[in-house]
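Two complexes, one shared chain (chain A), two partners (chain B, chain C).
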Partner chain A sequence: MVLKERYEQDLRLVGSPQGWAAFALTILLFVLIPQIFPAYAYPVALFMVYSLVAIGLNILVGFTGQISLGHAGFFAIGAYAVAKLAPIITFPAALLVAVVACAVVGYLVGIPALKLEGPYLAIATSGFGLAIQQFFANTPNDWFGGHGGLIVEKSQLFGDFFARDRAYYYIILAVVTVMVYMAFNLARSHIGRAFVAVRDAELAAQTSGVNIAKIKTLAFAISAVYAGIGGALFAPLLGIVSPESFSLLLSVQFLSMIVIGGIGTVAGGILGAGMVTALQDQLAQAGGWSGLLYGLVVLIVMILEPLGLYGRWMKIKLYWKSWPF
Partner chain B sequence: MSLEQAIRLLIIGIEVGSIYALVALSVVLLYRTSRVLNFGQGELALLACFLTFTLTSRMGVPLWLSFLAGLAASAVAAGAFYFFLMRRAKAQDPMGLLILTLGFSLFANGGLSLLFGVDNKQMPGFVDVIETWQIGNFSISKNSVLVAVAGLILMIGLYFFVQKSKIGLAMRAVSQNPEVAKALGIPVNVVLVSSWAVAAILGSAAALLLAPAISLNPSLMLDPLNKGFAAAVVGGMTSLPGAVLGGYLLGIIEAYVGNFVPAFKLALAFILVILVLVFRPHGLLGEKETRRA
Partner chain C sequence: MTVLLEAKNVTLRFGGVTAVNDVSFTVGANETVALIGPNGAGKSSLFNCITALYKPQVGNISFMGQELTKTSPDSIASLGISRTFQNIELFGGLTVLENLLLGRHQHLKVNLFHAMLGTPTWVKSEVEQIKRAEAMIELLELQPYRDRRVRGLPYGVQKIVEIGRALVSEPKLLLMDEPVAGLTTDEKDELVQRLGELKNELGLSILLVEHDIRVVSSLAERIVVLEYGRKIADGTPEQIRNDPVVIAAYLGEEAQTLEGQKK
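What follows is the complex of A and B.
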């Protein structure tokens, strides 16, 4: 057992030499994947994109305790921002627009959400997702391509060098690494702790000086930004954005990621995104069986391990730390 | 808009509204007793539709008999899902249970698609969908009348079931306070299994009434379920009259607005939801749930 003696030790992101080793190995693995297993570069890139959305959703659902069935909407805003604007104002600027747009929309959705909870919030957010989908599908075709969507050319955005899939993989890796670091940072900051306090005891948090309205809308905005950046990276990866892909089912998948991975932890969101992406990648070959098998996995996880993969990992870790007791 | 067209749209609104109201009732009934949003409701209804279709169109069983068989099958499936999975799941928080029903929905939809195929099927109905009655120079679809009347009968039946029967009383007791109900000797498990079953019957009846007018395929209930949830939220998740009100309101508004701005129709339900929730966060007739910190 590691005995923590000072507050700074509790705040530390990586506490031990083993932690640093694991961190370095993970980064190395992700850097090397396109070189060693080129066939896996696409699913891994997709996993990284989804893990951003899962982290964002976890900040909202797991940390702050507000459910959302509408994150496909923020994901779509990010994707469309890049698809529409990147050819005009370059990719980094479009990414910035996606961030700002999602932050504003997330904040705006967060305001009515203040009054809602439980099923009301679930249905209202699912309505938001649907409204965004309908917006992109039904606006005039020369705005967002209507039902057909927009084509995103990587070579147009990044020049010939980064247009190669392998190079784009590293762009995603860089952005995701920064965002993951920021999420871990957020979790240990006073804001992250306020999120958790609001979830666990709203009244107690309020009496301790937490501004509930501010924290809840902030959680919505940050969560939306993560989903939006995910969408922004997703658009060039897939090469096309169309309204059909941002359905309620996608929001459900995002939610299932954090539940499978572990609710309320940054690592849980990443694990869940990995699990769900891997599952879908493998199940795509199963044809008609994919829906059945995917549902079965979700059922099994929920029945046997409500804390998700990360919860299971913590239990194993705790078991070995205190072994043989 | 001429008067004739206004009446025609009103009838369409009532027909669609009664489907929404039935789905919303099933959502609310379940939410009141078990505090769960069941996203698997659509698949339970699909099961009833596919069974009815197979029995009647493929095996020649009389429609009313296969209709009842379909309802019974979905009731049993819902009860079994609650009893064997929901009750025993380790994740008992609302979020975990919600995901569990989503998992069930994906699983059951995949299973039903494999078993019955994803093609469009023509569901048999009690009346021919294209037949109409002539009243003066005004024609009214027999199917619309059937759906509206059947919906009304089911709602009245539900009213007597919940208000007058012993199990209905037990359901109301459980919805008010499960702990106290248990302490007073109400068999909470029996009540919960039966509310899952009754909710499934309501949802399935809505699907069986809807299916003849459109074609039967695994995504049949996707839209009605979404609208049913919206109607339940508009009316208030804890209020049965609210669900009926929400259903009809949504159906009628959708009929009129859809006539003028068709592209707007899909998102309309949720704009209505957000409008209602901004002013009444617990729905039109719902009560604020008291919470002790």
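What follows is the complex of A and C.
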């Protein structure tokens, strides 16, 4: 009985009092940001949106070892679902459509992906991203607004109260908190383990009872859903959804988030999203040089910390754990 | 003795190479059978046929009435067969405990939503699996490595973890492809003793590929000998030791190595 309780404790996401304190402080910080630093509300909201995409991409790339350069495509599907449908069927319903659409499309992309690996899969998925971008740009009668895109009015979606930027920030915070919680749960569950198992030893995973095709397509679908919810939250935040936002460059940025933050962990995706969003926000002021500076910083981070920010964090934690020995 | 596994006329070809050629043999309940033969004789290929990773062109393999040549590799575990690999196949990025938990994967019936929401149903099932894995860790004395990532653990420990992962799924038949290869003599003795105990404790049938003749004779009740994909002998260790055909096959090999050494 004593043992059983210990295992159940082990399974809690937050175990120690320090853990709870850190958790409470984090939530408090995010709740207070729009009040204390209103200027940061927008970049922080953007960071939260991106962190969903990075978490999703990490589940695919980091956990199952399938690469994607097409996540801007899923992001676009989510964004367009909200931009087009939310005024008609309400925001929650449009969000649901985004989830279902991304799950289905993610699963479908996952099927041919079973036969591809490494650079081949990277190119194939980038083709998918491009196709989605073209689809939204060139739908007949500009149903999705054509090249100009669609305007998303927050007041129309949420009424006057949530139309204020600060209020919408809290909608994002709520959705992202739930999705992050579910990602942490997924990662340490038997499904998260199976994701890593197919990456590390496919044969042994199979003989242990893991259906490779099922688990890999599931990873694709879940990954797409995270990116799609990110896109769905992104549309009202930016206020406009247009094809040019969802280029290959965006997919590359998503990938750089998880590489910078740390491949194969939920926390790594969040850290990377934060780092990349902060960089872009700061470097935007550098005007024409921003791209160059961004590239340089990324390069330096990767040279100093090949395991990403989360890897550095783990090393620091280990260091203090073993201190003063 | 009731027959657990029965292979009948199994033939497996890779292009021009016939890796397994018309092989028939059985493994009985609670029996330990060793599969021996020179390099390239087709031992691992036969394992892969039994675990449905390869589909033989000819023949049948049945396990408790189930036809294995028509199933998929991921359903083998739920039928009650588990295995280890000649070249260790562990989940390097996972801890020892997590590797063992994958051995329990087939017993997990909890769906995605319970897992993502961390519901009591999920916690209950997870605790159940952890208990089993923990018992296996204790049995194999892997406690010091419980939360260590498998990648980077000593080779001998990895070999044990792989056996643990196979055992924790509670198989009726355990297939081991060269379980002691690469271990020191001490490690070998220890593992052989442990396997002997486990076998009796768990009422397990074992099919074992092994080159180390000491290991084979101390574990196996029966030996099947393959050469160039064909079965050339099948009998008790006593019978096999005195079988002229087997002696010829192995002497031939030794004569070749001797010649090689001369040069």
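FYI, the second predicted complex is superposed on the first by the 313 of 325 C-alpha atoms of A that agree within 3 Å, B and C clash if a C-alpha of one lies under 4 Å from a C-alpha of the other, contacts with A are read in each partner's own complex, and residues count from 1 in each chain.
To be clear about the criterion, contacts are C-beta pairs under 8 Å (C-beta built on N, C-alpha and C of every residue); 3 or more make two chains touch, one makes a residue touch a chain.
Nothing here was measured: the structure is a model prediction, and the numbers come from that model.
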Chain B versus chain C as contact partner of A:128, first or second or both or neither: first
First (chain B), second (chain C), both or neither touched by A:284: neither
Contacts of A:10 with chain B and chain C, given as first, second, both or neither: second
Most chain A residues touched (candidates chain B, chain C): B
Contacts of A:89 with chain B and chain C, given as first, second, both or neither: neither
Touched partner set for A:201, first chain B, second chain C, both or neither: both
Touched partner set for A:182, first chain B, second chain C, both or neither: second
Which of chain B and chain C A:28 touches, first, second, both or neither: neither
Chain C-contacting residues of chain A that also contact chain B: 201, 203-204
Residues on chain B engaged by chain A in the complex (per definition of touch): 31, 37, 39, 85, 88-96, 98-100, 102-111, 113-114, 226, 229-230, 232-233, 237, 263-264, 266-267, 269-271, 273-274, 277-278, 281-283, 293
Chain C - residues contacting chain A, complex: 51, 53, 72-78, 82-83, 85, 89-94, 98, 101-103, 105-106, 108, 110, 112, 115-118, 122-123, 126-127, 129-131, 134, 162, 165, 169
Contact set on chain A toward chain B in their complex: 61, 67, 112, 115-116, 118-120, 122-124, 126-128, 130-131, 134-135, 138, 201-204, 248, 252, 255-256, 259, 263, 288-299, 301-306
Chain A - residues contacting chain C, complex: 3-4, 7-8, 10-11, 13, 182, 185-186, 189-194, 196-197, 199-201, 203-212, 218, 264
